[in-house]
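One structure, pasted below without further comment.
Chain nomenclature is as follows: A, B and C, assigned in order of appearance, with residue numbering initiated at 1 for each chain independently.
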Amino acid sequence: MIKQEFFNLEIKTKGQKLYEFTDKVSNWIKENNFKSGIINLSIQHTSASLIIQENADPDVQTDLINYFDKLVPMNNKLYIHTTEGKDDMPAHIKSALTNNQISLSVKNNELLLGTWQGLYLFEHRIEKQSRLIVFHYLGD
Amino acid sequence: MIKQEFFNLEIKTKGQKLYEFTDKVSNWIKENNFKSGIINLSIQHTSASLIIQENADPDVQTDLINYFDKLVPMNNKLYIHTTEGKDDMPAHIKSALTNNQISLSVKNNELLLGTWQGLYLFEHRIEKQSRLIVFHYLGD
Amino acid sequence: MIKQEFFNLEIKTKGQKLYEFTDKVSNWIKENNFKSGIINLSIQHTSASLIIQENADPDVQTDLINYFDKLVPMNNKLYIHTTEGKDDMPAHIKSALTNNQISLSVKNNELLLGTWQGLYLFEHRIEKQSRLIVFHYLGD
């Protein structure tokens, strides 16, 4: 028998940062007693993204944010889509350069992530946002 | 019982643009009466990619194309792989910067995409191409 | 009945290069007689990545490496995370720009990749490393 479960995680963001939610996924696995399977995570927006990054030194996150800001500048004369704010088009581009979706493996009730890997919502907008990430488990 | 279905979508492209195919996936779900499961989409090429982007303002697509063209210029003296045309190596790089594969969740016969999310083939070559995207459903 | 198998592939790397492992996946499918399903590949590190790229002209790989090195330079004054070496922060950024995870489709005991597509570990560190990629099959 195939087992499937869904969960909607809402994260309220306050500006361009990485918001970790590794524990939300690990706890969901424990609570539901998932054995082995795939968890498909999908963010339902195109101006924020999902990434797996180092969870040890927080400087890595600062450098990532600064790098992406330099790579995809605001107020760039290249953009014609400017009606939603100077940070909106850069946010769509950063989303395209990273991921909207990640599939994770679960084995014997454990999430298979490396020791130094964490799951993050990467917010690209500067104002407050409410973000929805869908968790979908398929396995046994 | 696990249910699996496959479908090959061919998209004929005419230059660097985003080609939406959200309806192709939604209709496939309806026609096959898929309940809940995962759809794995994989493009069988490395000079075009798959992305989820905003489907509201078409200017977003124009800006994306222009941004990527500036980020990964043609005629760059950096490239040694030039035999397949000045747009080929940039196309491979743009493909590496975006995605070859996306997994989507289906719940109760509905594709779980955000309101403003659309599925696109992102063509990076300038001449006419025929592109193959494999749809693979696994669920119940 | 749902079938699941796991395999840990270790790749010893020696510097910034693409290391192909397509055969490792194809052979694993044959040996285990997998019919149809999804293989989720996940690299358990954040300073190396997984990519699908052209397997025909090796110049493509050289150009990719050179392009990414130029896009994400070492010794950039932008970085504050410098304790693990000048190549570490660029490695994390390159990882964010590419993929930690790829899901592949298997149909009738065959891996569904395009003719010119190969699977690669993209190493971003300059010193020797030992990298772990988890293979996870779910199907029938």
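Assorted remarks:
We adopt the following convention: a contact is a pair of C-beta atoms (placed from the backbone, for glycine too) under 8 Å apart; a residue touches a chain by one contact, two chains touch by 3 or more.
This one's a predicted model, so the numbers in the text were calculated from it and none came from an experiment.
Following the contact convention of this document, A is the list of chains adjacent to both chain B and chain C. Judged by shared residue numbers over all numbers used at their interface, chain A and chain C contact each other through mostly different positions, with under half in common. Chain geometry summary: the mean Cα position of chain A and that of chain C are 20 Å apart. The set of chain A residues that touch two or more partner chains comprises 2, 38, 71, 97, 99, 103, 138. Listing the residues of chain C that touch chain A in their complex gives 2, 4, 6, 38, 40, 42-47, 71-72, 78-81, 83, 89, 92-93, 95-97, 99-101, 103, 132, 134, 136, 138. By the touch rule above, chain B contacts chain A in their complex via residues 1-2, 36-38, 51-54, 57, 59-60, 62-64, 66-67, 70-71, 97-99, 102-105, 107, 112-117, 138-140.
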